[in-house]
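Note that subunit A is present in both complexes that follow, paired respectively with subunit B and with subunit C.
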Partner chain A sequence: MFNELISFLNENFQTLFIISVFPGLSFVLGFVIFAVWYQRKYLARLMIRMGPVHCGGRLGWLQLIADALKLITKELIFPKAANKFLFVFASIMLPVIPAAMIALIPFAPGLVIYNASGLSLLIFFAISTLFPVIGVIRGWAANNKFTIIGAFRNIYLDIAGEIPVFLSSVGVMVWAGTYDLNEIVLRQQGMWFVIPQFLGFIVFFLGLLAMVEKVPFDIPTAETELIYGPNTEYSGAMFLNMMEADYVNLLAWTLLMITLYFGGYNGPTIFADPVVNGVFWLILKLLVAITIIFTIMISYARLRIDQAVRMGWNYLLPLSILNLLLTLVLKYLLVGGVWG
Partner chain B sequence: MSTGLKGYSPFGEIEELGDGLFRLNIGPQHPISGQGRFIVITDGERVFDIEMDIGYSHRGIEKILEYKTFVQGIVPVERMVMLDTSNILMGYVGAIERVLGIEPPPRANYIRTIVMEINRILSHLYALGLLSEAAAWNPAVFLWTTADREPFLDLLEMLTGARWSYSFFVPGGVRADIPNGFIDRLRKTLDWFEKRIEVYEEAWIYNELFRMRTEGMGVVSRQQAIDWGLAGPNLRASGVPYDTRKNEPYAAYGELDFRIVTHNAGDSYARGWARVEEMKVSVDIIRQALDNLPEGPVKTRMPPRPKPGEALFRVETGRGEMNVYIVSDGKDKPYRIKISPASFRNFFTIEMLPKTQEVLLADVPVLIYSFDPWFLDADR
Partner chain C sequence: MSKMERVVEGRPGLVDKLPKPVKKLFNWFRSYSIWPIHFVTGCCSPEYMQLFGPRYDLERWGVLPMGSTRQSDTLIFVGNVSRKMMLRAMRLYEQMPEPKYVIVVGACATSKGPFPESYSLVRVKDYMDVDVYIAGCPPKPEAQAYGILKLRKKILEGE
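So, the complex of A and B:
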């Protein structure tokens, strides 16, 4: 029995490593820890202050781990009128969904958790539609006025953001002629798709900010109005899950943006091993992307929900359709056909 | 739209109002509420009514003052607005001087003017930080303004010995003369601060998203501002050129030349803009006061007891005009002091706005902080 387990582990070492260490579970959790630390330190610099300095020396790198330990040991508080099952269910499911989306992203040639036989981009979007559903369940289950308002805002914003995001990535699908993310990356070896798909990229990026609920689109969790939006009633480890879900969602969508528009893991050869080289370039692009998103977070005010929804339907949606039409015309003129 | 919420309220109020409306308690435990509560009647996004609930921080300062001698009363009266202590104290000290029948020497008046204008800058900086945070600036601008208050706080510590509550004005003058090196340091700080104001305008006042959030929101027309008794920069942002410093000069304001900042829009943006412009005016006033600083003593003798009588003193605090009314029965303590602060009047304008225009729930924090209210000021 024990020997069988050992031999199973040995035979499937690579698969297990990919799932559990990189780019699987450990990487995702490590990114959350890093991103929270990086956000706090980076924003602190822009705000003329120090950020966390008490745990882990001047750099404060232990701060999030200390916070997490504190939150895990705290009592779970359930509101009197909450639906307890859905309340807990939503807090467990919410980080899982964006983590499942990451499984489809190619990190290097051949390094992908789930190889979806040519349909990975469509499956990515299919999974992503579950996120707002769980987001609404968490707000409804808590049975609090602030959470229910946050949940409704979540629906408005996700519908206004997701359709332009999907339509602008249809432009990439048409240009590349494939649904497969790995194939899309391979076709960007000559030129990143951000150049032929610039209009689509602008729409995608604004929609992405709405999907990850960062300023100027942090409307569902608007602190000054709704305390913490749908997450208001969560405490202890469940609160930790909610925070983790935010950052895993950020990771998933940023990785998709890099894969679709910035050449994914492509880059000049620095390391001889193509896997190491691919991972290096992907992580570097990821850092640049989250730095830009954090800078935007601090530079702009929050839109009102009506302004955000109007922007989604009146500007982003027509622009994404225009981008799709332009892509079709351009491809027809250059290649002589829209397929392939 | 029905929310399907089960009624549960620690205050035992009726939660369901019919037609999908419900009551939302913003405060007293809420990131923006401060020491009070805003009861908002809403359908989820649109706000139909706002009810103010003040009094959570009532300390009975007016009553306390009846048991203190005139000089002892300085400390409790400063606790009304800790950000703006010298302007508040000017109202109290000025009223006492009127009832005692004494005049401070001219040098004391100029020093008072300098301290009060520095304090106005500090108060407006804090108000701008809160307004930016209400419009979801992540706390970036708030922390910038907080950091920029430090050089002025250091200067006031050099002059008065305290950073926040100075107790520097006394009936008959100020406690101490200006120390060596203070004037040069103040001039340098003012030069630096003018550059900082440009940074705020660049990053914040002209920021497109900030304008989207504030322009045309919470409009108070000129006539409404007069009818509702709005005060201070909020009144001037509605186009009423009323400033107590100009209309009924006190301290050295009568001898200095400065403009009254007005804006015709009367919306939240105009109120934020007016505060930035007033900081520029304050810098100008301090420069003039430093240039014209007369020589002489800084304090006159204060008689121990006033004659029986009464006096009213108006003062322009950071949040608007404050009236202090003193009745004296000839003892060394006031018989009655009535303080009418500006924040009280500004607060109740917020109640009127949903009745005259469409207000969304997301507008409520911006609306509140565009008026720069201060619960401790309103509660006293």
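So, the complex of A and C:
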């Protein structure tokens, strides 16, 4: 029994490593810790503050560990009127859904957790539609007026952002002629798709900001001004899950943006190993992207919910349809056919 | 929650039964992650707000102001507390998960301050256990930062 387990582990070492360590679980959790720390330090520096400096040296790298341990060891409170099963279920499921989306992103040639046989972009969007549903369940299950208001603001925003994002990615699908994310990356070796799909990229980026709920669109929580939006009733470890879900969602959508528009893992050869080279360029692009998102967070004021919804439906949706038509026309003129 | 009774402290936590090194670790991370919620009823709050700006920046010690009681550790009374507001404050205190701490800022909430014969003001210490009092009318931001760091030291030493 034990020997069989050892031989199983040895034979499937690479698969297990991919699932549990690098593009899998450990990387995602490590990114969450890094991103929260980076956001706190970077925003503090832009506000001429220091950020955490006393916990773990000048860089404050132990701060997030201390926060997480404290939240885990705090008391869990279940409201009397809450639907306890859904209350716990939503807090567990919410980080899982964006993490499942990350499984479809190619990190390097051949380094992808789930090879979806040519349909990975469609499956990515199919999984992503579950996120607002669980988001509403968490607000409804707590049975508190603040969580319900927060959950509805959340779903208005998600739908206003999600449909333009889907339609602008259809432009990329048509331009590349494939649904496969790995194939889309390979076709960007000559030119990143942000150049032929510039209008689509603008729509995608604004929709992405609305979906990850960063500051110009952080309407459901409003930086703790509306209590805490749909997360109001969550305490301790369940609140930790909620914060984690936000940042895993940010990671998934930022990785998709890089894969669709900025050449994915493509880049000049620095390391001889193509896998190391691909991972290096993808992580570098990821860091630049989240730095830009955090800079936007601190530079702009918050929109009202009606302004954000109007932006999504009145401007982004027509622009994404216009982008799709332009892509079809351009592809017909250049290639001589829309398919392939 | 309509009677004005003293809030009963929560049951003794698991931490008290743990071995000493683990208890030390618990105290360490709790001391570095104080998330306060402020109960603003008076004019000490303009002084309090500066604590999270560039000059005093209590985030250096991991103090992060939160908006909801469910996620916060420390209830900070900033200003005078009337009989009516005390009911709300007690409800907030009961909503917070254990372990929780209370800081009282300013003379009014500590000892009715300049209104000793008021019919409506109450002292916070009559209703819940207070960890740190900060004297002053209003206390300067330095004094409030010192008070919060005193609470930090108290948690770190496990008192």
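Operating definition for what follows: the second predicted complex is superposed on the first by the 337 of 340 C-alpha atoms of A that agree within 3 Å, B and C clash if a C-alpha of one lies under 4 Å from a C-alpha of the other, contacts with A are read in each partner's own complex, and residues count from 1 in each chain.
Following the convention adopted for this analysis, a residue touches a chain if its C-beta (ideal position, glycine included) is under 8 Å from a C-beta of that chain, and two chains touch if they have at least 3 such contacts.
What you see is a predicted model, and the numbers here were worked out from it, not measured in a lab.
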item	value
Partner chain(s) touched by A:R40 [first = subunit B, second = subunit C, both, neither]	second
First (subunit B), second (subunit C), both or neither touched by A:I219	first
First, second, both or neither for A:D158, with subunit B first and subunit C second	neither
First, second, both or neither for A:L76, with subunit B first and subunit C second	second
First (subunit B), second (subunit C), both or neither touched by A:A66	second
First, second, both or neither for A:E244, with subunit B first and subunit C second	neither
Subunit B versus subunit C as contact partner of A:I48, first or second or both or neither	both
First (subunit B), second (subunit C), both or neither touched by A:I227	both
Interface residues of subunit A shared between complexes with subunit B and subunit C	47-49, 223-225, 227
Interface residues, subunit A side, partner subunit B - complex	43, 46-49, 80-81, 143, 145-146, 148-149, 152, 215-216, 218-219, 222-225, 227, 297-307
Residues on subunit B engaged by subunit A in the complex (per definition of touch)	3, 5-6, 8, 22, 24, 30-32, 44-45, 132-140, 143-144, 147, 203, 207, 209-210, 212-213, 360-365
Contact set on subunit C toward subunit A in their complex	10, 15, 25-26, 28-30, 32-33, 53-54, 57, 59-62, 64-68, 70-71, 73, 95, 97-99
Residues of subunit A that touch subunit C when the two form their complex	40, 44, 47-55, 62-63, 65-67, 69-71, 73-77, 223-228, 231-236, 239
